[in-house]
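Written out below as structure tokens is the structure these notes cover.
Naming follows writing order (A, B, C, D and E), and every chain is counted from residue 1.
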Amino acid sequence: MQKMMQDRARELLSSGKVDRVLGWIEGDFVYDVTPHVFRENDIDQLIYHSFASQNLSKYLVGETKKDGVIAVFLRPCDSYSFVQLLKEHRFDREKVYAIAIPCLGKVDAEDLRAMGIRGITGVTDGKERIILHTLYGDVEKEKSEVIAERCRKCRGVHAPYFDERLGEELTKEPLTDRFEMVEKLEKMTAEERFAFWQDELSRCIRCNACRNVCPACTCEKCVFDNAASGIENKAPASSFEEQNFHIIRAFHVAGRCTDCGQCSRVCPQGIPLHLLNRKFIKDINSCYGEYRAGADLEEKAPLNRFDVDDCEPGDVVGKGE
Amino acid sequence: MEQNNLKETLLRISGVNPRKCMKCGKCSGTCPSYDEMEYHPHEFVSMVENGETEKLMASPSLYRCLTCFACVERCPRGVQPAKLIEAVRLAVIRQQGMNHLKPDQLPDMLDEDMPQQALVSAMRKFAK
Amino acid sequence: MVFSYYPGCTLRTRAKELDEKARKCAEALGITLEEIPDWQCCGGCYPVASDEIATRLSAVRALMAAKSEERPLVTLCSACHNVLKRTRHDLQTDETFRDRVNRYMGNDPVYAGEGEVIHFLEMLRDKVGFDTIRAAVKNPLTGRRIAAYYGCLLLRPSGVMAFDDPENPTVIEDFIRALGAESVAWSMRNECCGSYMALEDKGIVERKSGSVLANAKAQGADTVITACPLCLYNLQKFGGQDLPVVYFTELLYEALGL
Amino acid sequence: MQVNEEKFEPTIVAFCCNWCSYAGADLSGTNRLQYPANVKIIRVPCSCRVNPMFILRAFQRGADGVILCGCHPGDCHYTTGNYFTRRRMTLLFSMLEFLGIEKERTRLEWVSAAEGAKFAATMNDFVATVTKLGKNRRLEDLRCKK
Amino acid sequence: MQRIGVFVCWCGSNIAATVDVKAVAEALGKEPGVVYFEDYQYMCSEEGQTKLQNAIRDYKLTGAVVCSCSPRMHEATFRKAAAKAGVNSFMVEIANIREQCSWIHKNKEEATEKAIILGRAAIAKVHLNAPLTAGESPVTKRALVIGGGIAGIQTALDIADAGFEVDIVEKKPTIGGKMSQIDKTFPTLDCAACILTPKMVEVAQNEKIRIFSYSEVDKVQGFVGNFSVSIRRKARFVDEVKCTGCGLCTEKCPQKKVPNEFNLGLDQRRAIYIPFAQAVPKVATIDPDYCTMLKTGKCGVCSKICTAGAIDYKQKDSFIEEKYGAIVVATGFNPIELNKYDEFAYSQSPDVITSLEFERITNAAGPTGGTLLRPSDGEHPKKIVFVQCVGSREDGSGCGKTYCSKICCMYTAKHAMLTREKYPDTEVYVFYIDVRTPGKSFDEFYRRAVEEYGVHYIKGMVGKVIPQGKKLMVRASDLIDRKQLLIDADLVVLAAAIEPDKSARPLATMLTASMDTNDFFTEAHPKLRPVESPTAGIFLSGCCQGPKDIPETVSQASACAAKVIGLLCRDKLTGNPCVAHSDELMCNGCSTCEKVCPYGAITYQDKEFRMPDRTMRTRRVASVNPAVCQGCGACTVACPSGAMDLHGFSNSQIMAEVDAICK
């Protein structure tokens, strides 16, 4: 796959069809992958394996401000963000060449470490299995055992939108119910829920990693950085302050969040921020019908439309208990 | 039973709100039993509302309603007079010894062609 | 097609023609009517007071029996039909009634009026189709002028019965035309015949049935058909007209050439 | 805990739309219909002007309950504003509950300009409900101290 | 830092009895930025306003807080006074300490404390207030009237008389509306055609008025003073200019079996037709549903005999784009369908008719030439029963209307009276629930029907109509005599409820004008602004707003015209300055705000921006048209970046109020 992508990228660059290629590059370690803009000279370094976790869509917001056309590789789940951004006019479609690629399932080094797999030097991706080469020898695993939580609950069956496809389209069924944890929380008492979130959110150090990685958080200037907004708040004044930030952030991306799970992936404190987004998704689905952000360019987002006989807040709030 | 309580019970078990009535008289205009009755469907509604239930309970009109539901169907305000008449009738026959039809009266009323349905319905309407 | 069937007590005794002919016609139309086991009398007349629970239980049992077969429950007698449909409706919409019934009967799981109740006529209209019947007619009743008598129980209350337009129904008229006869337009077809008054005040019944049949006669009917044994009895006995009144199934039986 | 408090007076913030609910509040005044002084009204042009940020801010600053009143669905002065409000608040209130903030502390009510009595009754009920819940203790210690 | 003055009003004893006004003034005087405070008996009085103005001058105030009655009462008063003294109106805020404080609380201590908090919130807001000035927009001096009935005609004539251009859009081939179908008008009994047709001619001849008949409004854009409307002119297959209205084609067309809608289907017309003799414009129209030529390509009779060469089978719908300053809705009413009222046997007997059908039967230009004859057999009815309130005043759960249709009592009295006058041997019964005749000479009219003409008015309702032989047996109650009646009538006339025309609902959506649950347009204020829609620039004329008789419709139509003229007279419109605005530097251009704006006030444009690194960049940003924006604020919450804010109710202002209350 990686080879196929390199070849195609080279072709596109040399033909002049695109000027740059957005892909992934390895750092010092195999699992230390970052997004990178390639040109003809460094295209050999383009990699694609299970550690290439980042959703590249968001980088288009910045990249398309430059001249020339950029090619981008999109897994199915990433392409939902791509469509959502396109729908919000966040980048110039003319300047992007979208290449759909199949997903290998994303693996986080943190998770592997927790399983006792250390010293990783390389990785070989199979369809169902994965071989991790380590300083202590190879470890072979079922993919489903090691992939990230967000991938275990993947709904990305096929890309909704692209210019061309590389590799075969995979057909994947969602593996488990993604609302399991939300439901579990809903069943708790208010006290327990509060304790849960106080415990989680009080760890927030306001590093803004969640905001930076989120493909829906692309505001020119975040409302929390804006003195005129009346809620400017750059550092955590208190843990409730954090709740405020995270609730507002979740509210701002409600109906726009593609449930890519990047927010939780990058959180250095391991706060399960995606649960906030999933709570909104769950409520939206149950109140206003199934909706998937980024599945369609035209459909109005649930918060931008209404039905005259929508439910009242009282009909929904309190259902969990 | 005290008047007010009785009225409340009648309204509760019938589910009728007599205040919805605008006194158009369509129920009585359509009632097939009108000429057989002393008090007519619209009067049941206003008399219950006015607390004149005793007069109604003593009236043979109670046993002249055919439960044909024409008044219910055609009422422009959704008042359902037939349900109120039934409620008043129940208030009477539920009292000790107040059955309107008694089993020993029956043999004289029957003929051999009469369907069970008539007998069963009448007993259900007029006796407890 | 197989349906559950609730005959009702009158059809077992005084209204045998209604029942027997219906079964035979159904058979001829490729329908099996499976009588539900151990049914009891529906009570004949629906108790409308909200606190009447016990009097509605036999209907609940019939509904539950049909539900366990997972087939629509077909009725033939207008009265049974009225009672069953209304019981079902109240189970579905009246929470207090539903709770009390289920507690009384010790139901687990709770029965909330699931399952379909249809009248034989609705079965002909919606499940068989009048076109099929028209095709099955061997002995068209050409030239006959038939008046459809609905009475009260099939139509009212319309919100619950959802049988047809309560003031301008067409199902029996369509049925008559499917048999090749002419349907008479008359508007006393949904007025009361006098009902259970037959027991204690025959005078009322004479006046009511009399005006019904007078209207049918004046509008040129040669036969009146009905689905209700009590209507049939009242009209025949007290209608005071030289006008035959028969069950609709008898007419169907004749037209199908059985 | 709450038993010890002699008389707990909750702080209630009420957002009222200018066209219906604020006028309804005025009407309950004109008719001298009483409701507790705990309720302080903030006038907004339409219920759809109320940003979730305002509600969070109120809780953050010490409010014990927040109520939002708008025109009845279908009667919005701006035709559709309250429909958006309804969706937003449905999601927000559900989220607050998800975070452990009792659902009784938030409320959305439709009060028309003619419903002075409903306004007063709603406020009486809301204040009673929040009083019963007690101080918004959950957030007290975490509140941003100014 | 603002220099704020605080003014606490006693409102006589209305406030002062429950709130310690002196304590409030003193407490607020200690708030930061407050440089002056005062309390006074009646702030709204001449004297009170002068106090405000003097303080502004003497203490160089930049803003003021008046603690008084509801801003809905006197906000405008104080703002105007402040402006006269040189402080921008929008620097004045009101703390409502009467309706929302002194009037609802009994405990003086509590009320005083609350008044102080409300005052603080207002002060906090004023600190963040900025002077606002309203934007201006030009006015297109032309009006559009939608609907060509008597309401539309009267409005159009009055506007044109004031010297403005008016276009009438009428979906039928002719203007005239329901009034053209009516025979006589109550209470004077002059013939409808005699008073209507001259007005129709006047419309046709007025140089300021254009009639687009057989046309519909297709699209509406823009805002008060600046609407642009697309009008669909349906193909009538006849050249309007060439057609002389001679009517030869309507006599020779071989397709004769078309139900004549003008006579409510009581007779038939041809496939090419002119609805009635006095039609305006008097131009033939081909009915494409029935024309043999259009359906099969074979016939062409009308084309052959038309000497003017006006027939054009190839005609297509065309569109006209026009600009208007004001739009008048005059879409009128229809009687409801009676198919759900078959206890009255409407669909079972041709002799059960609606009142409008009765009008046609008694109209000299109608299907019977004005002789009262039964539809079934053409005989004179000797006994007529009128039934009132059919479908009106119902509880709303069924198919009926909850409202009173208002006109039925009077027209039924008219029908009854005219019948008795022309045919004294005919017995007339009117069944009523109430007789409602408020109106000049109306009750006298109804009493005349009873006293002079001997119409039998019976309090009660008809329960069932039974066609039997040639008779209609009417079973009804007589509540006064406690009797059930059975009347052997020859004709039954049903006073069907009236409802707004079906075209009104989609039109309201196009106009963003609000409607009630019955599909009547809502007024900007039910008493004080009854002929305006809440949407600026949209005006209401006639039954589209509620049931009305002709005199009332004409008065409303003229009132509506006056409002339109008042608007068109102005060269510029001043808007509401409390509108949304977008901070272009923060705007993402994501289009979310546009999707929730009910007025289409937000558009997007690509703009060049100078970046911190001195490069130029083009970005898509939102811009709000202040003349269109009504200031609801829906967009401000939809905007994730907070770029969209609302003047006068900004995020920071509202949060300052929240802070002041929760402190």
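Simple rule for what comes next: contacts are C-beta pairs under 8 Å (C-beta built on N, C-alpha and C of every residue); 3 or more make two chains touch, one makes a residue touch a chain.
Keep in mind the model is a prediction, meaning the values are calculated, not measured.
Under the touch definition stated at the top, subunit A and subunit C share these contacting partners: E. Chain pairs B-E and A-D differ in how many C-beta pairs they share in contact, with the greater number at A-D.
Put simply, the chain farthest from subunit C by mean CA position is A.
Among the chains in view, E has its Cα centre nearest the centre of the complete protein Cα set.
Computed from the mean C-alpha positions, the centre of subunit A lies at a distance of 36 Å from the centre of subunit D.
Distance from the subunit A centre to the subunit B centre is 69 Å, each centre being the mean of its Cα atoms. One simple way to say how far apart two chains are is to compare their mean CA positions; for subunit C and subunit E this gives 49 Å. For this pair, subunit B with subunit C, the centres built from the Cα atoms lie 24 Å apart.
Each of the following residues of subunit B touches two or more other chains: 35, 70. Of all residues in subunit C, those that touch two or more other chains are 167, 191.
Looking at subunit E, one finds that residues 343, 464, 596, 638, 651, 655 touch two or more other chains. Chain pairs that touch, as defined above: A-D, A-E, B-C, B-E, C-E, D-E.
Across the complex, subunit C is touched by residues 12-15, 32-33, 35-36, 63-64, 66-70, 72-73, 82-83, 86-87, 90, 101, 106, 109-110, 113-122, 124-125 of subunit B. For subunit D in complex with subunit A, the residues that touch the partner chain are 52-53, 56-57, 60, 73-74, 80, 83-84, 86-103, 106-108, 138-139, 142-145.
Contact residues on subunit C toward subunit E in their complex (touch as defined above): 165, 167-168, 185-188, 191, 214-215, 218-219. Contact residues of subunit A toward subunit E in the complex are 65, 88-90, 218-223, 226, 228-231, 252-253, 256, 300-301, 303-305.
Across the complex, subunit B meets subunit E through its residues 20, 22-31, 34-35, 40, 42, 70, 74, 76-78.
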